[in-house]
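What follows are several structures.
What follows is a pair of complexes built around subunit A, which joins subunit B in one and subunit C in the other.
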Partner chain A sequence: MSLSTLLVLADGRLPAGAHAHSGGVEAAVAAGRVHDLATLRSFLVGRTATAGEVAAAFAAATCRALTGPQLQDALGGSPDRRGDEPGGPRAFAGVDSDRVRELDDGIDARTASPALRAASRAQGRALLRAAARIWPTTPSTTAGKQPHHPVAVGIAAAAAGLRPREAALVAVYGGITGSASAAVRLLGLDPYAVHALVAELAPECDRLAARAADRADLPVDDLPAGSAILLDIGAEQHATWEVRLFAS
Partner chain B sequence: MRPEHPARAVRIGIGGPVGSGKTALVAALCRALAGELRVAVVTNDIYTTEDADFLRRAGVLPDDRIRAVETGCCPHTAIRDDISANLDAVEELEEDLGELDLILVESGGDNLTATFSKGLVDHQIFVVDVAGGDKVPRKGGPGVTTADLLVVNKTDLAPLVGADLGVMARDAAARRGNLPTVFLTLVGDPGAEPVTAWVRDRVAHGVDPAAADHAESAPPHTHSANAEPHGAGAG
Partner chain C sequence: MRAEARVVAEADGRGGTRLSTVYGEPPLLPRRTGHRHAGHAEVHLVGGAAGPLGGDELRIHVEVGPDAHLVVRTVAASLAQPSHPPRHSTLTITATVHGTLAWLPEPTVAVTGCDHTTRSIVDLCDGAELLWREELIAGRHDEPSGDLRAATTVRCGGRTILRHDLAIGPSADAGPATVGGARAVGTLLVVGPHAPTRPTATSTGATMPLANAPAALISATASDAAGLRRALDGDTVNTWAADPSAKPGNCRKN
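So, the complex of A and B:
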């Protein structure tokens, strides 16, 4: 695994459409639920424990589906060494069978709000486009051209030579920074204080990513299914606004 | 007038500060060209559907030929650094409407530094107005300096705001070398004659094949085994 490749995929400046999505912050700000640093912190903690954990789990599972079983399993030995080879593991066609589509369906089932499903697919499509241009080996999968965003993260990670844990990290960390930077733009919060929050949540990202990698082979029904009902309701209301700055 | 076998529609970006007349120019171009070319429009107003609604109300294009893109408070990001939402809109227009000749992409109003990515458009027009002050061309910035066409709009207002068009012409020429600049008043010239002629010419030349390749924007091709998006949330 290449640490710098992980940075490339996790970079907020990756041209994959994330800047136009607030992760539910715009709706929460309008409802008065997020208005300062403390309420943003609660929002980020809650979002990470629900939508964040789901995203991490599905990104890891998709990456696993496309990069094959851990060597650890095959050799009964030390953790996943294949990733340390130059260039890292490569996505290979044919492993997917129907697993990626099942994972994509699994996110549909976990996302009550149609507006959130549409936003997730829009971001998935944008990320796939970016990945295909950056890593030409990006495989096409049974999830089609606009998979849910966590699935697209798993596909991009596999194409980039990353492993399930890194895919999960990109998914959960990207959810936090996307919401945090939207809050900076909408509320004019002190950007240093907001980034201190992001740093405070970083260990939680590590923990969720490790867990997601451990469970990357589980049946779809056994993967995390946490949801935050106010995110769903907020997204539905947001989609009907006449004037909004973010796509979701 | 149309190129014989368009690789894809010619994409022209229209940028410039808030209120300079971008939407009015888009409306004028649509009115003038919709009879002879297959035209569609993508708008990037920071307030989502403002510009799109104006174009619909003005009745210059049918509803389904106009798409609005949200830019997350960063209009310049959406046309320059991360063009994915705009590419999506362009692709959707092409998928829904079939072959097109011209797609106009209006940026959200921004400052003098905002320009379009070459990954999004083939040519760009930068619109400033005389009411913004006759010093704007001298200030330069990438929009004024590098746009393929600089439009100085609202010349009808020049006497009212004390703008010296001669100064603007001289400064623009100094900043832009051989690149063209036109002076316009949409009040006096609702067909935007010089801009329409320039756009018609760009469309007639078609898309440079290298650029078509460069701006190729489709996600990875799906093989037969791979289904199109499925499930209730698609789109």
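So, the complex of A and C:
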């Protein structure tokens, strides 16, 4: 695993359209639920514990399905077999494309809100398109051209030569930074203080990513399914607005 | 305490539904209720003991045969209560539905200190219809909530169409992304031709058509149980199996 490759995929400036989504912050701000640093912190913690954990789990499981069990190594343990060609093109070992479709279905089952499903697929499509240009070996899967975003993260991570834990990290961290930077723009909060919140959540990202990698082979129904009712409700309200800054 | 209840409903061949099995052990006592002339069979679960209490392992299995129509209710809210020393309690509900099932229990209240999980696994055959209501209340009046989780899996023709975990209490998040400090949270799942096909939302509730089935999930938060029930039932429009003679305790207007 190449650390630089992880940074490339996790970078908010990756041209995959992430900046167009607020992760539910725009709706929460409009509803008055998020209005200052303290309520933003609460929002980020709750979102990470629900939608964030689900995204981490599905990104890790997708990456595992595409890279195969033979490439997994103990967390931070044995030498990485892929370390000799960091960030370069990959051949896919045990492509289990049907599992990828099942995982994509699993996110449908965990996303009651039609608006959130559409936003997730729009981001998945954009990320997959970017990944196909950046890492030409990006595999096509049975999840099609517009998979849910966490599945697309898993596919891109596999193509980039990353492992399930890194895929999970990209998914959960991206959710936090996306929401945090949207809050800065919407509420004019102190960007240093907001990024201090992001830094405070870093250990939780690590914990969720390690857990996601540990459970990457579980049956889809047994993967995390934490529900955030107000994210669903907010997304449905947001989708009816005529004027908005963010797509979701 | 370990206890089990089983209810099996079958079509009686004359347009009605008969109950071929109504079995229960305290505290899960199913009793046939409702009108004989109604097209459906109705069962109320009567609490034969307090609970669920810490350490309880309770199981309910429901089967609804082809063309049968079963409505299941409870006579009162369930109070999930702690034990000393503290132990986890579980209620596992499994249902296999060919015909129509309306699972419309009263809410589960998380008494301070409880640690309870209700796990529901519903298997719908093609063409089956379902109403499935889950309501979680954070403590009795003015008390801090215990830990209460509802983990739900609903499959339609073998494909999972809904998978969600709701949680309230000190171990769960109650912030502005999840429940916003609401004391009552819940969902009503509608599967079948009655399911709403257009999404709608208010500031505390939404009706959301699901991705892979003729189904919709209605989710809501409220400050109390009555408000939650109004949001989920939509003044009974959503619970088409609502019994017009239901007692006022069911929070209905009619």
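In the analysis below, the second predicted complex is superposed on the first by the 223 of 248 C-alpha atoms of A that agree within 3 Å, B and C clash if a C-alpha of one lies under 4 Å from a C-alpha of the other, contacts with A are read in each partner's own complex, and residues count from 1 in each chain.
Throughout what follows, a residue touches a chain if its C-beta (ideal position, glycine included) is under 8 Å from a C-beta of that chain, and two chains touch if they have at least 3 such contacts.
Model, not experiment: these values are computed from the prediction.
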Which superposed partner A:47 touches (first subunit B, second subunit C, both, neither): second
Which of subunit B and subunit C A:150 touches, first, second, both or neither: neither
Contacts of A:114 with subunit B and subunit C, given as first, second, both or neither: both
Touching partner for A:161 - first (subunit B), second (subunit C), both, neither: neither
Touching partner for A:105 - first (subunit B), second (subunit C), both, neither: both
Touching partner for A:174 - first (subunit B), second (subunit C), both, neither: neither
Subunit B and subunit C footprints on subunit A, overlapping residues: 105, 108, 111, 114, 117
In the complex, subunit A residues that touch subunit B: 13-22, 101, 104-105, 108, 111, 114, 117-118, 120-122, 125-126, 128-132, 138-142, 144-148, 182, 185-186, 242-247
Subunit A residues touching subunit C - in the complex, by the definition given at the top: 24, 28, 31, 33-34, 39, 42-47, 49-51, 105-106, 108-115, 117, 220-221, 224-233, 236-237, 239-240
Residues of subunit B touching subunit A in the complex: 46-49, 69-74, 77-78, 81-85, 87-88, 217-223, 225-235
Touch list for subunit C against partner subunit A, complex: 151, 153, 159-167, 173-180, 185, 187, 199-206, 208-212, 217, 219-221
